[in-house]
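Shared between the two complexes below is subunit A, which pairs with subunit B and subunit C, respectively.
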Partner chain A sequence: MNLLIDIASAVLLLTGGFFVFVGGFGVMRMPEFFTRMHAASLTDTGGAALILLGLMLQGGFTLVPLKLAAIFLFLFLTSPTASYALANAALLSGVRTACRNETGSPLPENQPHTATSKPAAVSSAKASAGKTAAAKVSRKAAPAKPAKTVAKKPVKTAARKPAKKTARKKS
Partner chain B sequence: MMTIVFSLFLLTMLVIVAVGILRTDNLFTAVMLSGIFSLIMAANFFILDAADVALTEAVIGAGISTVLFLGALALTAEYDRSPPVGTWVPLLTSSVLGGVIIFATFQAPRLGDPNAIVHKHVAPWYLEKTPELIDVPNVVTAVLASFRGYDTLGEVFVVFIACIGVMSLLGRVRPRRESIEEGEFDKRTDNLRHHLIPRVVGKMLVPFIVLFGLYVQFHGDFGPGGGFQAGALIAAGIILYSLVEGGRRGRELVPEWFSSMLVALGAFTYTCVGVVSMAMGGRFLDYSVLSHDPIHGQHMGILIIEAGVGMTVAGVMITIFHAFSRRGIR
Partner chain C sequence: MEWVYFGTSIAILVTMVLAVARGLIGPTIFDRVLAVNMFGTKTVLFLAVIAFLSGRPDFLDLALAYALINFIGVFAVLLFFQSRGVRREAEAEREADK
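Moving on to the complex of A and B:
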């Protein structure tokens, strides 16, 4: 029985380690921000969960597995939230995916969202004034995006709220 | 063996992160890296069996100071300006100092050496006498709260005075314009209210963080923890609430008069324990006279002064955070 538990926990630990390794490898090798984040999320979810499970098996019938379970619960809640916040912040500050444009060449990384201004203007500003100018452009450009999302959101909540109220009345 | 491997790994990471902090000119990146630096440092402290210090470093270094730095960044610029003086003088100074420190480490005793001077001085006496005189399992708490009660009182007052200093810099005066009340930082933090997921998850975590803080506070006699760590943890919970709900809601939850009163009340409680023990016939901060038998008196004294420490620390953190969050952008 002990041997079985040891083997099971070893398998879980090794698989978890594999996930962590793949996550790290992906962060190094993936082409741009969002795919890198996808790779990093493997470490948070698959890697951490499997390693914690493996450690729980090693803990036996003590308080240790419960503590590990609490850690697992917190990771389970917080790491997707952190990933969401990170991706959202990246999207709002103008990080683009590596999707290809019409000419077939991949978009440059870290180019701010410029819905109104042309890419050529951005690159000239970059060349002339360096980093700070680019940062300013991204700051100026950023409010354009939140305005959209904010405009969208009230519609959603308005649609949801009556549904909630009726559900409460029913119950 | 495993410990050495871990320590080497962590120390290498520490150096890499430190170089990263020096090399970046984006202050936001520097703040994030300094948070990582503190987290690695906390892991390092934990490997060195200093769980109390590790807890403090993780909460304050990686948690609260990152938030306070971000608050400061919201008031200033995001990019570093090149220093006005040349790089030669600072480089020379820091290399000489670094050389001296490295030279000094050759003279230092090896890690964990039982014959080191620190292990020969008063430490054996503390370890020997703690079960007899104070009878708490965590010797660190016994040393901090009872044997070295004067030092800790001094620390609490240092924190108290530091809070006064920071508040006199950041200003507690009522803003003249109404628009400052809805300052840029507040708007930025209020923006988080539109993001449902961080808001819900953040609010869900707050009670557990505060509960853990209370556990650390009152379990400090038995395990790692005590007033400093607990105060920082509780403050972290309330700061998290303020971050996800906006500064104004945070100030409604813990009003500024309350948090600043907490700062003074904690230090006052600590001093009162000393005065009461004098009034009951002992010396200043001699807890043995507080109750019918000395050990029970020690327990009571440690509990009360740890509560005082916790109040002061939590109050200082919350007060400084509120001071940042209510201050508008220039």
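Moving on to the complex of A and C:
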């Protein structure tokens, strides 16, 4: 029985170590940010779960497996949250994927969900006389269409663009 | 069992080194935050394995505390950078309105 538990936990630990190593290798080798996040999440789920389960088997009937279970639970609550916050922050600040689909054309650009209100605000400001009031109103009406075209935007955004680009470069 | 713990801790250590390297060369700030987050998670795992390798279960408390600190730290950094982006956009808008 003891031998069985030892073998099981050794298999779990070594598989977990392999997962962790593969994830670290992926973080080093992947081409751009979102693919690197994918590799990092591999270590957070597969690696952490297997290693902690393997250690739990070795704990016996003490407080040790309980502590390991607490760490396990905490990691599994926090790591998806942190990943979501990281991806959201990256998307909001203009990091875009360089991935291509099978035909070789770039993937359609994803619009972060808070940015959808901005083009609507601009277009309705163009239509109405009171600029700021219209922008405020249309920002409240959030579920608007995503950005239509760059060419349609008024001069106001053209003046704003270079400032935005430098901001992206710095961050 | 010793060699299993040893091998696992070596794998985790190698991954930590790779994460630090990514944090140093990472082109964007988010790569660095990702590397720091990963390094923290691996530290938790490493402490748990070390607790068994050295036979001192009190290391597990340290691991739990470190997991908490890591989570809070990543969120603090992310909130800082997110609000910085929003602030810059607002400033640019104000400039354009002038």
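The definition used in the following text is that the second predicted complex is superposed on the first by the 99 of 171 C-alpha atoms of A that agree within 3 Å, B and C clash if a C-alpha of one lies under 4 Å from a C-alpha of the other, contacts with A are read in each partner's own complex, and residues count from 1 in each chain.
By our rule, a contact is a pair of C-beta atoms (placed from the backbone, for glycine too) under 8 Å apart; a residue touches a chain by one contact, two chains touch by 3 or more.
What you are looking at is a predicted structure, and each value in this text was computed from that prediction instead of being measured.
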| item | value |
| --- | --- |
| Broader residue contact with subunit A after superposition on the shared chain, subunit B or subunit C | C |
| Partner chain in contact with A:L55 - subunit B first, subunit C second, else both or neither | second |
| Which superposed partner A:T78 touches (first subunit B, second subunit C, both, neither) | both |
| First, second, both or neither for A:L3, with subunit B first and subunit C second | neither |
| Overlap of the subunit B and subunit C footprints on subunit A, listed as residue numbers | 74, 78, 81, 85, 88, 131-132 |
| Interface residues, subunit C side, partner subunit A - complex | 1, 4-5, 7-8, 10-12, 14-19, 21-22, 28-31, 33-35, 37-38, 41-42, 44-45, 48-49, 52, 57, 60-61, 63-64, 67-68, 71, 74-75, 78, 81-82, 84-85, 88-89, 91-93, 95-97 |
| Of all residues in subunit B, those that touch subunit A in their complex | 78-79, 191, 194-195, 197-198, 201-202, 204-205 |
| Subunit B-touching residues of subunit A, taken from the complex the two chains share | 74, 77-78, 81, 84-85, 88, 131-132, 135, 146, 149-150, 153 |
| Residue ranges of subunit A touching subunit C (in the complex, touch as defined) | 6, 9-10, 13-14, 16-18, 20-21, 23-25, 27-28, 33, 36-37, 40, 43-44, 47-48, 51-52, 54-55, 58, 62-64, 67-68, 70-71, 74-75, 78-79, 81-82, 85-86, 88-90, 92-93, 95, 131-132, 156-157, 159-160, 163-164, 167, 171 |
